[in-house]
């Protein structure tokens, strides 16, 4: 059974649109913020390794189902799960919930896959690399599924 | 065979991130912009009907695969297709391409579903409605598939 | 002497741009978030009065000086001050600081003016109104300057 | 008398907020887009010199007065003027207008200063540099004011 990492984010004014709802891309930003908060919880700071080289986790695939209205001021819990840790890629899912009076409402569900990459050619390009072992172990501990 | 509606959008500085690439949510904004450009091409202005009532097309589901690097200054063609027109919902897909010297590169592919809705209770809520006939006909003409 | 209200915000990936810095508009979003956090600290929830009517605080003027590099992962303190409370308008300023090892760095300074407004004509328009007394009093207490 | 460079931008759904207006930071993005369109009109592509080194024009100061309502679907003309070209800095101003039936409405006015900079230490830092002569000459021709 996968562990859940919970990241809470308030919907700010700039996250909303003329429909009086959160813009659909803002929930996807929250998704990425939750993932980065997970990395920070492992001690990774600003996408830098101890040797000061920079890596990244570009998304290769994203999907999201919108289930309920999310509005300015709402506090959204992003309930992140690590679904699969491969050699170079990680698959995540998240349920987005809001605690309404008397109930927890699921307002969206997302799935996404990131790959581990390292910069090369100065600042311009990225090359896929294996996920470094310490990070891979921390992530696999969260999936809690034997390989 | 579905017709293609092409919307061209330059990647602006604010669309990019520290990875030196377009932020993944910016391509999803381009997707929505392309869809709205399609509605404008039908004569719909600012999500208003002739009786000045307001409608909207909230997204209920979105997915995107990222296939290639998109950077500041690139001109992206969003090649929109109407996949299915239901009573209250429309399914779209898009291929995102960039014309590189000597080739057209597919940099992303997206799918999404919107529902037609109308405001009620002042400005606060939305209720699903049937897609108005004139709009439905224009959209079905683009799917060019017999029902 | 004006009191300071401090709002802390981490720079997220989506806030940055290809220059490897925060996008200049993101600091202005933090400014607005700080102001809204101040209103929430007064018990205002989601820009709604007790009678469920909606008000807003549109900005009429904004300025910002950028003094230092702000990057992905930085924690920015927005140090908000209420400069002046007029009948319909409020003038704020903020210093943005980052606690670096051994020093507090001022990375930006902003000034802005908002007016109190209420919706009319359905959802479309806004009309300037007097700042409601309870809000005005809370704000004036923060300026701590006799009128 | 300064020449005017006009950049036209439609207000997209993602540019708006719950107030049913453009978010105040979106007009500042349009400002930056107009400035970059000016550089492109000079033949600069993607902030790269002919030797493929990268430069940037970070903003050091920005201000904007908001004069009228800007909404989803509006076409905004950013009327850019080059106010002053110094050794390392450029000062711009812009009037934002919308062509309404029978009149041109000024909806905002902005001023900002950028400095020319070059990356160093890999991708991380920026150092102020003199504006390269060809760019300086093109900009000074637009100010059309003797030095």
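Going by the order they are written in, the chains are A, B, C and D; count residues from 1 in each one.
FYI, a contact is a pair of C-beta atoms (placed from the backbone, for glycine too) under 8 Å apart; a residue touches a chain by one contact, two chains touch by 3 or more.
For clarity, every value in this text was computed on a predicted model and none was experimentally measured.
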Chains contacting each of chain A and chain B, listed by label: C, D
Maximum centroid distance from chain A, chain identifier (CA atoms): D
Pair of chains joined by more contacts [C-beta pairs], B-C or C-D: C-D
Inter-chain centre distance, chain A versus chain C - centres from mean C-alpha coordinates, in Å: 27
Gap in Å, rounded to a whole number, between the CA centres of chain C and chain B: 33
Centroid distance [mean C-alpha coordinates] between chain D and chain C, Å: 24
Multi-partner residues of chain B (at least 2 other chains): 13-14, 18-20, 25, 29, 32, 47, 71-72, 119, 123
For the chain D and chain A complex, residues of the former touching the latter: 13-14, 16-20, 23, 25, 54, 71-72, 119, 122-123
Complex interface listing, chain D residues touching chain C: 18-21, 24-25, 28-29, 32, 47, 56, 58-66, 69, 119, 123-126
Sites on chain D touched by chain B in the complex: 12-14, 20, 29, 32-33, 36, 40, 45-47, 71-73, 123
